[in-house]
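Two complexes, one shared chain (chain A), two partners (chain B, chain C).
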Partner chain A sequence: MSQRSMFVHISKDSPLNLLHPLPKLASILMINTVALIIEAPIPFLILIILVMFAFRIAKVPLMRIWRLIVALVIVSQAVIISYVFTSRIPGKIIYEFPWGTYVSDMTLLFSLSMIMRYSTMLLGSTLILCTTSDRDITYGISSLKLPYSLAFIFTLAFRSTSIFIDDFAKVRDAMILRGTNFYKGSIVSRARSYAKLLIPLIFIALRRVVEYTYAVEAKGFTITGKRTYLHRYDVKPRDIAISILLASAALFTFILKYWFGILSFPGWPLNMFFGR
Partner chain B sequence: METVRGGIKPGHLVVSGVFGGICAGAALFSIIMVPIPGIPGGSGFWIPAGLYFALTLWFGFWGALAGHIGTFIGMGPFFGFTFQVWADGALGDFLAPLINLAIFRATRADPELKTGRDMGIWLISVIISTCLAAMWIHFVNYSFGTITFDLWKWGVIAYTIGDTLAVWIIGTLLLRSATKYIKTFPYYVKGLFS
Partner chain C sequence: MSWKYEIGRQWALKDVTLNVEEGEFLGVVGPSGAGKTTLSLCISGLIPHMTRGVMCGSVKIYGMDTSKTRLKDIVRRVGVVFQDPETQFVTMSVEDEVAFPMENYAFPREIMALRVEEALKATRMQDYATRYPYELSGGQKQRVAIASFLALRPDILVLDEPTSDLDPAGKSEVFSIIDRLRTEYNTTLIVIEHNTEELAKYADRVVLLDGGRIVKEDMCKLFFDDVPFLQEHGVYPPQVTELCYRLENGRGSSLPLTVEQATAHLKNKFSLKEPLQNIRWPQRRHIKKEGDVILKVEGLRFTYPDGTEALKGIDFEIRKGEYVAVIGQNASGKTTLVKHLVGLLKPTHGNVYVFGFNTKNVSISDLATKVGYVYQNPDHQLFCQTVYEECAYGLRNLGFSEPEIKTKVRNVLEDLGMAGLEDAETFTLGKGERQRLAVATVLVMAPEVIIIDEPTTGQDMKQSKSIMNLLDQLNTDGKTVIIITHNMRLAAEHADRAMVMADGKILLDGGVREIFSNIDLLKRTFLTPPQITLLANSLSPELKGVLTVEELEQLIKPE
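On to the complex of A and B.
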């Protein structure tokens, strides 16, 4: 048996499915915070391996990871170009550019660290969202005591995206039948053609806004009123323990970096090798 | 129609949700059609920018929120729902139209852009707000280590030019053709929230 998350169908007995949305949101916050604190390449490598391992445990199809490779390649090449041509990372200078920046023995290592930082955030967030449905996000926002309105807007936006794509195709086909050519002319004239396409889409959306508003008001939706929920998500002691553990992990990372310097660049164990 | 706290209606939330979905779809098209190598979720012609600048002048905070949520949802599938994507693109796309709205409110300009003065304010305010958002976005990218400080200024210049053109082309067309009708819409916002 499988169930649909935001992106993929995953096995219903995935351990992450058993969790309350609160620790899932805490995981996304933790993985991003930890990645932002760390600068050292080896700890990053360990963290990435752990996240990959978590993919296996959570029974998330690894196909999802391969789709992210393109994003990683795009970011990686830009990070490397950016650091090679415009950085001044202290170290043994290998080449100095006329505009004052240089490539040192540490430049590639630091850019590799930054690529791994992005990879960690990307993989970690994807893992959690692969085991999260839009309903989980709604309930997660509510459990964080954030306004329900925010969860409502977020869910509606998610659902409206696919409706917009359908509308877009219909309006574009109608305009092509009336003689519009979206592939002819300069970039500016093509952009203007697409801009004209947005006008009917705006009016379709406005009509939808009125219809949806009547629907939600007819169902008794209010902005500040007390509300009931169809599904029950009880926060169990296990969920609280996981959330505390995740918060502690972020704090621990912070201490390791700023107190002990283990996670600062080049970090453990390279600092012993480079004598820093 | 129920009115709650300061005139904010459920319809305003629906505006953010529905147009958030449209901005997300437009963001997906922009990334696919004109990607910028290296900037997570970046595009050389950011179609949603034209949309949410106009939406914010029509629906105030709710229009900017639509841009914010839409950009995050649109960029996420390509570059992950990470802090960086949220803080640079999504938050930048929330701040830029609000700055533009503040300039419009301060100068009492009319979004219908019928006079030369209104048009002038529109053109200049777009440059100012886009430039400020570009500074924020590239500061975030620098903080996350994706770009260096030397590249920051070039990023700001390139982003300001690209986004300003998108807003001028799409936003101007939308404001001139739809504002008159949208002013009669029950959820048109005259202040910030209602």
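On to the complex of A and C.
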């Protein structure tokens, strides 16, 4: 049996279902913090392997997130282009541009590091969101004594994304059913076809905004005011233990980088090959 | 009370005076665009709090002037279930959705848990508590929307076409659920409906709205007596009422509204115009046994990514020129099945052949020239700025010249009663018009096979008849027509063949007369034959093949 999280259906047996929302939210923070601290590619590689392993443990079906690869490819291209054309990282120069910047071996290695940074952040955040329902986020944020309305807006935004994706697929199918071929023709004609998709999506979204407003108001929702909750999430010792572990991991990473310099670019063992 | 929207040119409601007693069941009927939804928004306080416009007069709920009272205080006493259940979901699980209003009013957890369970059981949704609402079928979504207010128990409940997406058993269930609210909690009910047959069973009083005005108001037992007046104003009276009106040449009063009432009314007063053995059923096209097989499904099984097995072994053939109604309970797999016929879904096991091509090996756009599909929700298939551009879109993709496109578009808009709207902006049209436009965009491409998912949802009588007459004409011209519908009357009046689906399988497949005669089996699949068929069967089991009011009228005469 499966249940719906923010992005996919996952097994009800997934161990992440047992966690209180707070450690789940904390882990997104931790993964992104650690990814921002690290600069060296080998530690990133280790981190990515750990995240992929976590996908297995969490029983998140890898097949369902293959679309992330498209996002990663786009991000990678942007990173490479920006560093190749605009940076001057010291190293063995491979090519020098007329405007003064150059491509060195360190440029390419650093680009790789940055790609791995963004990959880690994307994969790590996706892992957590794949095992988190909107209720988890709402309860997690509310348990921090933040206003419910903030949590509600947050989850509405997330949910709207998946609804938007569903609408996109339906409208796209409808266009195909009326003879549009998104895979043939010039780039301009294909772009025009995709641009046409935006028209109904925007109107549907605007109409939804009005209708959602009616719906929440008709159900007595207000920004302020007392409310209760159907579900209860009790913080268990394992939640506290995991939260401490996550905080410690972030601290440990910080110490490794700024005290011992291990995680700085290019980091161990590459510094031995590049003489740094 | 009168109301005009800020952007409206005309008054949406004009000089409406309406008093509703506590505990009353008020029915509101009328053609599309009459102002029924606007009335529901005014009663719930959403107008004027959430919408800009001009209001003259007042709306008072238990003495509270809605324009001077806080909206949260109004909606605690007035619940409103909108027409489109999808737009009312604000959480990601059914049980959370049902609990949401109670959470907003700080109900204790124990009470919420109890009421959530009760509400889900009452709406037959207890097995779906943890499901994502957007993944449910249309009818299931509507039940969840109703359950959320069942749990809250407001003093007044306004329901705007609550049964439009439900199967016949579901419609009946919803009405009995909401009527229970009245009997158990004395909840006042205001129900806007096109389905007068269920409404007539429960309503105390009915109001007809047209052009923003109340044009008729009466006790329910007298309201439907003037059948031509109602039809003129786009309202389908119950079939049994229409029959009795015709038999009594318009002279009757307090005409029967239900099968039981009509049976009692007619039983001692009718006789057959000829002996039963001489009855020749009116000519209907029978199931085609000759002609090219254009759609063939073999051993079709389909499982969604979440593990739901929607189709569990389907086999059938459809020949050129057939007129098929696919009927079945909500979530029986009807829409999933027809999506395979246009290539939107590919089988998990088995094969689907369209004009001899296996859909696994052809693209959707290749099939698009042969098979046209109209979605249940028109907003998903409209993507151009104007009505003309919308209709022309597919034709341009097929390579037609502009003069040809102009002619075809003009013809199809005329056929659908939308002539003159060529320059209208697509997304400013009302829902009924958008539905017809969606039909037009497919018909204009002249596919060989036309598949329409719920062709008359949200349409009033005139508009429904116009669409169905057009489909009849297309079928007469040789097109193959497949309609997915909950509307048994529609299927009985227009289709030749019916496929009854239940739980991912085809249970019955045959001529409509044969299918609708099998009343007991249909009931087990939560389907009910048309009211007139039930009446005929109750008058005499020999008459169980009757499908329309006209057929029964021809067969019997009053003493």
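Here is the rule we use: the second predicted complex is superposed on the first by the 201 of 276 C-alpha atoms of A that agree within 3 Å, B and C clash if a C-alpha of one lies under 4 Å from a C-alpha of the other, contacts with A are read in each partner's own complex, and residues count from 1 in each chain.
We take it that a residue touches a chain if its C-beta (ideal position, glycine included) is under 8 Å from a C-beta of that chain, and two chains touch if they have at least 3 such contacts.
Please read these numbers as outputs of a predicted model, since none were measured by experiment.
With both structures placed on the common chain, the touch criterion links A:Ser133 to chain C but leaves chain B unconnected.
Once the two complexes are laid over each other on the shared chain, residue contacts for A:Lys196 go to chain B and to chain C alike. Of the two partner chains, chain B is the only one that A:Phe168 touches; chain C does not reach it. Look at A:Ser160: by the touch rule set out above, it reaches chain B but stays clear of chain C. With both structures placed on the common chain, the touch criterion links A:Ser248 to neither chain B nor chain C.
Within the superposed three-chain model, A:Arg208 lies in touch with chain B and with chain C [touch as defined at top]. When the two structures are aligned on the shared chain, A:Lys219 is found in touch with chain C, with no touch to chain B. Judged by the document's definition of touching, chain A residues 152, 155-156, 159, 163, 196, 199, 203, 208, 212-213, 216-217, 221-222 lie at the interface with chain B and also at the interface with chain C. Here chain B touches chain A in the complex through residues 1-2, 4-5, 8-11, 13-22, 24-26, 28-29, 35, 37-40, 45, 47, 50-51, 65-66, 69-70, 73-74, 76-84, 144-148, 150-151, 166, 169-170, 173-174, 177-178, 181-182, 185-187, going by the rule given at the top. In the complex of the two chains, the chain C residues touching chain A come out as 41, 44, 46, 49-50, 71-72, 75-76, 79-80, 82, 84, 87-93, 95-96, 99-109, 112-113, 116, 130-132, 134-135, 148, 152, 305-307, 342, 344, 363-365, 368-369, 372-373, 375, 377, 379-385, 393-394, 397-398, 427, 441-442, 445. On the chain A side of its complex with chain B, the touching residues are 7, 28, 32-33, 36, 68, 71, 74-75, 77-79, 81-83, 86-87, 101, 113-114, 117-118, 121-122, 125-126, 129, 149, 152-165, 168, 187-188, 191-192, 194-196, 198-199, 201-203, 205-206, 208-210, 212-213, 216-217, 221-224. Those residues of chain A that touch chain C in the shared complex are 1-4, 9, 64, 133-135, 152, 155-156, 159, 163, 166-167, 170-171, 173-181, 196-197, 199-200, 203-204, 207-208, 211-222, 225-232.
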